[in-house]
């Protein structure tokens, strides 16, 4: 990280924001005016703490309105240790962070299973409970009267005589959160979070343990919030449950990120830099006479941002900023032209236990699946050899997609079992485990991670077996070259054409290096040329080392691709065999065209 | 004059063209079948006619009125009624309430009691189940209820999307008999079916949809057994 | 005897909670939006009732004639101006928009009415009828009866009338309802109006009993969230039942534990329900869709 930072320091995209930050630091260190120092302290702190909120709220998309819990626990833990036991906050800060970790696990483990507004409600309630506890345990917290922190200036107390020191400390905190966020963005966890925010089921299918990723984000977010809370409370020197555990704290942290740009590293900074001065100046100019006015403005801004620019102010100024960066000169190594990345295809056959033993790679035994009273699959058995391409066809509503969902562990069958490379898939609890076993799949209705680039989409898949970003990137590029999306790698996934989205689905699944790939109608909606390309691609995929099962309606494709075809209708297996045998089978024609359709 | 006139309708999902320049006309009184393989655009066409989806080009004229820009709920009031695929009943309502939901328009509200009697006559099983919650019915009963609910809207043109899908053959026969009867009683029917044979047999006219385009049309008895229909369906 | 008194107090308090929760649960059940500004609609209706009393001299029970339709209109306005443009947007946007609205309304009240606690001094509100050792507050009894009556009336309305059936139909399958000739936007608007009118009734009825101040809604709405989740979001009977249960828990834990801890007890109940049975006591409409089953 640090190495690549200095390597690229000559690039305007790196040195320009660095200079801005340095300017901030200079202001924090040198400005004598108390009002402005206070303002900068607040901007830095809120930018940092909102940045911490943004990790779970923005990147992972789990809107917490209970971050006051982390804030309050962080602030009170170190303050109580300091005020009651004399433990310096420099040490107490670790107790605060530890408290936040414990809290994050206690809240996160159960609550992160909840979706959307339910998670929000749960976090809201947790903060309320903690507020009540803080009021109740007067002996520790002094209850509603509030806890005064003794004014003993010393660096290890994080209390300073000069406000400049506070501002510099706050600046440091903000930069810390910013750097952590930037590192996160480029890490496996960061990719996984963004992916699960956009499409959690697809993320699971690519091997993302979504619950673990969310908890990790929640812990990180909580710890950083608690850290910030200690700094703020050593500045304010007074704690009170009704303000420190207040829902207003949670709302403000969320607000800054939302206004600046959810799920972006710089968003919270922009939000804080706009909203904090706005609030402070309103308070200063209108005076204390009109209480609450700045919150009215905050609320209006929030509503307007949600309705008219849901991607925040960052998205609004992004283009202008990039244009500005483009005008700036490049220095040093960054000025030299970058060598083209070379991508090599590595065709290899995957080692499978099945191949060694001469067993089928996947075998379904008497699978049935009921939904309510409706039997969707009944007694389906089949097997696929390693290296084979099996086609599954059948009329609409035959149960093909349900079969796929059973094979890939999304549904548990009502009876029967699926053996995949020696493992019983139906015993598997979580979808991501299926991916780690070596099975990849695509969805009939494409589920791209719309807000990520094509390359990043594929990297999510590559991270299934790779922890390192560099290797994951290599794999992703290789797969993109294979499917022919290399030139689109930096496009946003949601901007792709349907044909390319289908390719992207395949590429993502391929990046997990699957032994078996399940393709669910990857040709639906494609034109004849695109279908020809897709046929060739699937053959390449097989040669690349995967066994493939294809569900498809485009008969021409399935006939030329499949080595064997299985036909299902009304949840039952009609027949299986060589393509030309199957297509001439009267039972198949009947399944498709209805009883008594006779060729004239 | 035709009851329904579709002129050069195109529908897009994002950049994917689901229907391209589809023209089709339905005369008062008959049963028209729309057949084609999966993904050929049949459901898209029906959803476009009922207003659940918007067309990007072309015009739809129903009873002399252009309706392509009219919201779905207003089209029902004109007598253009869709019975959606997969039944789409109101799962927690009783059979009777589901039927009543079909008659919430001005057009049909006053005829509610009469129409309930007609539906119960057509599907006697529904009168036995009238107090039962819809999602506890069997698949066939649910399909009948869905058709009955459509009839409650007093349709001039009834559009059925895959009414036989997933049903046992004996129930399918019953459904097709009911459709033929509904037609005899004066309702024009547009039938989208995967059971090509059964649907063409009761139809007067048929259209074949392939890849979002009409590739073949003609009197139903000519399409029945045609090699081209088989090609369109099985893509070979 | 004390236990009986505590239980009656709890039930009556539960009536208040139920009345506030009924509107919230109706709106969620149909529109699938949790209105984080629901408490502020309560706050507005309390201020409306307060000013009807202090400025116009209207008895709070009489001023309901103004407050209820007024809140209906407020609901319609909120729905059409704020919810409608983001109806199909991801849920976080609806959370942010209604939280934003809540912040605006609380602080507008602070700007206009200051943070003072205001109350109506009504002799009737203090009347307690004694039956043996048991005291029954008449005004609380009215709230209790109203809660049950409103739940029953709304249930009748949803069960029997065409409009009610249309509301249920939209809640169960929006596209199918459109194919029945139902205009979803109109139904959403009316539902939001009715839900808000219900909380308007609550505000008017509790004005003689409670102080009104800008953040009074936040206090009640948190309880209402507990109630509706406990009862099963979207479920009217559940909201009534949940309200009464929370009222009793509130009263019991206030008496036997510590008044400072009573809210904690039911927040813990809340978390328990969210974690172990998120579809609530009575089951939630569309629980699968929310990923709760």
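Here the chain labels run A, B and C in written order, and each chain numbers its own residues starting at 1.
In this section, a residue touches a chain if its C-beta (ideal position, glycine included) is under 8 Å from a C-beta of that chain, and two chains touch if they have at least 3 such contacts.
Note that the structure is predicted; figures quoted are calculated from it, not measured.
Undergrad: Name the shape of the chain contact graph, picking from line, ring, star, complete and other.
TA: Graph shape here is complete: every pair of chains touches.
Undergrad: Looking at contacts between chains, which pair has the highest count of C-beta pairs?
TA: Top-ranked chain pair by contact count is A-C.
Undergrad: Return the distance between the CA-based centres of chain A and chain C, expressed in whole Å.
TA: Chain centroid spacing, chain A to chain C, equals 35 Å.
Undergrad: When the C-alpha atoms of chain A and chain B are each averaged to a single point, how far apart are the two points in Å?
TA: Chain A and chain B have C-alpha centres separated by 42 Å.
Undergrad: If you average the CA atoms of chain B and of chain C, how far apart do the two points sit, in angstrom?
TA: 43
Undergrad: Two or more other chains in contact with one residue: find those residues in chain C.
TA: In chain C, no residue touches at least two other chains, as defined above.
Undergrad: Mind pulling up the chain A residues that touch chain C in the complex?
TA: Going through chain A, the ones touching chain C are 61, 63, 65, 110-111, 113-118, 120-122, 124-126, 128-129, 132-133, 135-136, 247, 251, 254-255, 258, 262, 290-293, 295-296, 298-303, 306-307, 310.
Undergrad: So in the complex, which bits of chain C are touching chain B?
TA: 162, 165-166, 168-169, 172-173, 175-184, 285
Undergrad: Considering only the defined contacts, which chain B positions touch chain A in the complex?
TA: Interface residues on chain B, with respect to chain A: 13-16, 18, 37-39, 135, 138-139, 162, 165-166, 169, 194-199, 211, 224-227, 229-230, 233-236.
Undergrad: Please name which positions on chain A make contact with chain B in the complex.
TA: Within the complex, chain A contacts chain B at residues 372-374, 395-397, 497-498, 521, 524-525, 527, 553-556, 559, 570, 583, 589, 592-600.
Undergrad: With touch defined as at the start, can you tell me which chain C residues reach chain A in the complex?
TA: 34, 82, 85-86, 89, 91-97, 99-108, 110-111, 114-115, 214, 218, 222, 225-226, 229, 258, 260-261, 263-264, 267-268, 270-271, 274-275, 278, 290-292
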